[in-house]
């Protein structure tokens, strides 16, 4: 069996196993969950290391089993430069989230089962090279999210948030499903398959009918867009993350949300260049909504979690901008941001979750001066904030810079506004948050709060920070893998555009 | 005017409508049930007329089955209505109120 | 003569049927039942005009003779008081009336337009239609016949179950 | 006269008669076991359908009875359903005041009716089979005649059922009259020979009436009103059999009439089908939202499912039909699992709450019986159409078929209608998530849980639950075999 | 005479049909049925008197008859004039309508009770031929079914009478009668099926023709005859099955509230039903108008022979009516549950067995 199957299989297997563990064996439950996620994280690292960068455009670690032959559905997993980083990120974040799950005290068994199912789903969604399984795994990850928010969520608006997130995400997923089905049916009869590789090959050779593209592309764009909280369909995100239990928020905001973006880059762009050409302008405008509007909203937040949620929506704007630019720099940057933001969002939510655990509140006005009380926590939060502002040294910087370079050649005005938004607005709310939470005088009631004490508890934060820094200082680790693939995708996607438009500037790795 | 298939169908159609009227407007279960019988009879008339004018026996056989089935249905139906009446002391549709939201 | 008889029987059938479901003078269920009996009998007349003697007899035997007696039986047994204490809701009458008239109109139109009877003549029955029916019933339609027998068994079991006294 | 063709049906009827007789010699305290015996015998019949050599395609009894792949598929379907229902009935036995053996036997007769319906090839067989099913269900629905709800449900089913029968016979009369034959293939042949027949007003009117009547069986708009009331009021196993068996019988007859008899007209009435499908889905989904009674909720959910089945039909392609069969296959296990759990849970809490069958009864179920909680959760999740369960793949196939039609070049005129329909279908799915998860929530996270005593499970019930769970998961995770089967069947039958 | 012949030969088929049918109806009804009913009542009273060792009605006399020599006193003794007096009485009595009844039905019910019984006679061939005319009012192909259909309508009169009277005795009587009649109709209907299996036709004339060719069916189908006979008692509400009007329990049953002519109509109805039942039995089991000697088995060729056939038929029928009356005074009344038990659990299965038996025998004799 391929390494990938192991990576996504262990968590699912562990979920199944947990179903048979008695309820009161709490330690065993957690142990199994941790072991499974740890295994997949380690395996993911192994995979990442063993990944042959020279052959980044090839699919590696491939496994293909026929599943439903009559429909052309195969269990087909594999990674190329585009998703290898995402799988790694997913596995690491899953492990971190599992470490942070200690805050859940009731019904642990169910929680861990759902968490593991979600993990397996996420990893499967990123590793699948079959459209059906792509969707299948995504749904498998999505549904536990709803349940976890509904049950273990917090805050007064929990039920409303559950309802809203379920509604929005289901609609998004189903729209995407229709789009994918339509895509499948565009294949000539007899050759129909859900296999992503063959589909891409097919449409590369013989472009899809223009009117079909006009129809399918927006379905995918908005279907996936809703999943990624594209403005103006983003309102579920801050609310949902605000109410979600920490591990769920980490996994969803960090990893699962990226699925929509991945789908856009992997499926929509290469197969439907005409659709892309038509809609990218609009996407560029909409992403301003994410960056500016949500940034402004984030500034107004009084609750730390809502602030992080809004900022996460704002960050998605950068990715959209990168995709909209449709050149090698922009899209590579977008993928980089996806990975970086995965670590960042997980880190932020993990931290805010820890804080909530200690103080039972996240209202920034009530907090303050916690740095003295909790040095490790404070340091981590500051670094997360810095990463969020896009300071150099963190992976976000590399990604965002690439995005802006890429976008600059395409939409100057938009880029200027976006940069302003990113630098100014982002800095304002992040720094205000840091100030409100960490600095100032320490209110009486917080004298008893404790820092993240044991190394064990510190592990997830350290891991995520480490990853952020690693890829921040050495982004080529990723870009070298991403870029060749993106080149191909961009070439496909630009197939119908006038040749006068520049195709990227130059290779980054040079 | 010479009487042909059309005239029979008209009668049958009207009969069907009357039956339906009974079901829709009346509120007494038993009378509603009578309306249903009328609808069956309308079908019977149409079937016999078609069968005879097409000179094809299938329609009459169908009538035979319909009559038999209708009789069985009436037996069960009336038993049910009686059983309900014993419990409820009413045979009115408006009184069927147990099953609500 | 057949034409005249047709119009007589048809008119009677329709009149009785109407009085059965919407009698302006009485809302007594017994009256309805009796008008239904009359409808059945007039319809048997129509069957005879169509030379379907067997079915005419069965119609009277089963419907008028057994089914309707059952109805009457039940009405009397329950001694259902007349509906008159309740008022019909105007709305339901209007709605029912309109929909039924609409349906009737559509039916009327389709029957008119489809010219169903064109070129078809009533052929006189040769010999006994009963024999032909019986033959078909026990050859071609044997299976439905047997199924109906199961159905009758079910009805029998059902009626007994529904109406027997509890032994508690 | 080719009696061997109806061997399975004969076996079932004889089994029913045998039960009625055995009742005489069985002491009351052992009658409950008769149900299990019947279930085992049916299992034998089911096995026989795999073992006995079966003709590929055969017609018998004057062309009225057709044995083909579709018939066989549905016969097996009904047998499985009946076996599970019988097990459920033995669990339900305490609440049947008298006539337990008849309770079992009637299910067998209804089963026979369904099996005949699966093979109906002319309108006489259709009518007779459908009436056998319906009349049996009148009795079954009102079987708990000590309970007012049961009786009311029976009466409601009776009136509306008879109304639909009225439509059915009048429709048959018109179709027969205009085409001059009762047989489905002959009608098709007549249309083939004379196309104006298909456009004749009376003929179309007749077909519409027949459709409406069959719509009653599958609980589709406009004949859907009975479903919630009857599901709620009927004894739980009966509701289950109604939801699965009766509905599937309606589906198979609908397929036979639409695709064998009037394939041409099916194309013309696509819009009608679409409207019915859309309205049914919306009605079922929206009305289910405020429900507190679990059986009533399932009633509305069954309406929505009927809408999805019609969705597959209105796709007007063979993949749609195959999807319908697949969906039904998953639906079988899903719904029966749900009702089995309801049946067992309400037994152990009977009389403790004023509101019977309220969703609140499931509070704390996961502590009382993890197996039951799992089964019900999986059923709800599967109904909601979430992977990796059977319901997901069924809905996936249905939607796929509709999208296929929408994007096919032959259906350009209907394209926008198909898009609307897809949108409606999606809306239905999204809404349904809400109320299905309401039940899941009640199982795991309701507040104020009172009774936490464990629920004992009998061996047959346990086995049935395992079968249902396995079915749901298998059909969701590994749809290949069943899909190949349904594809093959549909292609062979409807060419 | 010539003129009359001329007149008839000039008629169209339809006109001829109408005229002769009307004639037959009138003759049968007023020439046969009503007198027979009237004198059946007398026979009933006389027979009961003999059985109970009484004299019976022996007073009524028109003012002149008793002065006739020899014949007069005998006629009076025989009570010949009692039916006349009874008829007169029923016309002249006060026709009282109680206040609590449901008027319309109260008036209609007696009529409904009479009509079906009379209609049932329409298909019975009471002779072979007179001239060119078949001696049957309507020679239907489905004769027997028609009879059963009509007889089954007879129940309405009683039920409605019970309902209209609005008193519990009447009501119970009505309910009882409907249940009883429906129940026994089944046994009755099934009992005759073997006959038609043998004959192969539902037409009653054919049944007679079949018996003319061989033995009477009463010998071939004794079981059927017994069932039919018993069911006929039940259908006509005669003792031992006269539960609907059991005096000791229900006063007068469904006709408790009736008086005068309306009561008389019920009476006529009952006796007409008896006539019909007897006539049916004659046709079905006793060879109808045939006698197995003197060439009487053949359809009549002469006018006299036609009359003889009618005479034979009527005699057979009268004999059976006497049996009806005789039984009434010999047997006690059954209990209601016994009645139902007998019908459903004895006769229905018996009739079924009989059908199967006949089928088996037929199959054995004429294998395909």
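Observations on the structure shown:
Letters A, B, C, D and E mark the chains in the order given here, with residues in each chain numbered from 1 onward.
We take it that contacts are C-beta pairs under 8 Å (C-beta built on N, C-alpha and C of every residue); 3 or more make two chains touch, one makes a residue touch a chain.
Values in this document were obtained by computation on a predicted structure and should not be read as measured data.
Any chain touching subunit B that also touches subunit D appears here: C. Common neighbours of subunit C and subunit E under the contact definition above are absent. Centrality annotation: D (chain centre taken as mean Cα position, compared with the mean over all protein Cα atoms). Among the remaining chains, the Cα-based centre furthest from that of subunit D is the centre of E. Per-pair counts of C-beta contacts peak for the chains B-C.
Across the assembly, the mean Cα position most removed from that of subunit A is the one of E. Inter-chain spacing, taken between the CA centroids of subunit B and subunit E, is 34 Å. One finds 6 Å separating the Cα centroids of subunit B and subunit C. Centroids of subunit D and subunit E (each the mean of its C-alpha atoms) stand 54 Å apart.
Averaged Cα coordinates give subunit A a centre that lies 69 Å from the centre of subunit C. Across the assembly, subunit B contributes residues 9, 16, 19-20, 33, 44, 49, 54, 58, 61, 65, 69, 72-73, 76, 80-81, 83 that each touch 2 or more other chains. Among all residues of subunit C, those that touch two or more other chains are 54, 58-59, 66, 70, 77, 107, 111, 116, 129, 141, 144, 148, 151, 154-155, 158, 162. Looking at subunit A, no residue sits in touch with two or more other chains. Inter-chain contacts, as defined above, occur between A-D, B-C, B-D, C-D, C-E.
On the subunit B side of its complex with subunit C, the touching residues are 1-11, 13-22, 24-28, 30-31, 33-35, 37-38, 41, 44-45, 48-49, 51-55, 57-58, 60-61, 63-65, 67-76, 78-83, 85, 91-92, 94.
Residues of subunit C touching subunit E in their complex: 1, 30, 34, 37, 41, 44, 53-54, 56-61, 64-66, 69-70, 72-73, 76-77, 128-131.
Across the interface of their complex, subunit B is touched by residues 2-3, 6-7, 10, 13-14, 17-18, 20-22, 29, 32-33, 36, 39-40, 43, 46-47, 50-52, 54-55, 58-59, 62-63, 66-67, 70-71, 74-75, 77-78, 80, 83, 86, 88, 92-93, 95-97, 99-101, 103-104, 107-108, 111-112, 115-117, 120-123, 129, 132-133, 136-137, 141, 144-145, 148, 151-152, 154-156, 158-159, 162-163 of subunit C. Subunit B makes touch with subunit D in their complex at residues 9, 12, 16, 19-20, 23, 29, 32-33, 36, 39-40, 42-44, 46-47, 49-50, 54, 56, 58-59, 61-62, 65-66, 69, 72-73, 76-77, 80-81, 83-84, 87-88, 93, 96, 98-99, 101. Across the interface of their complex, subunit C is touched by residues 1, 6, 13, 17, 20, 60-65, 97-99, 102, 105-106, 109, 112-113, 116, 124-125, 127-129, 131-132, 135-136, 138-139, 142-143, 145-146, 177-178, 200-203, 205 of subunit D.
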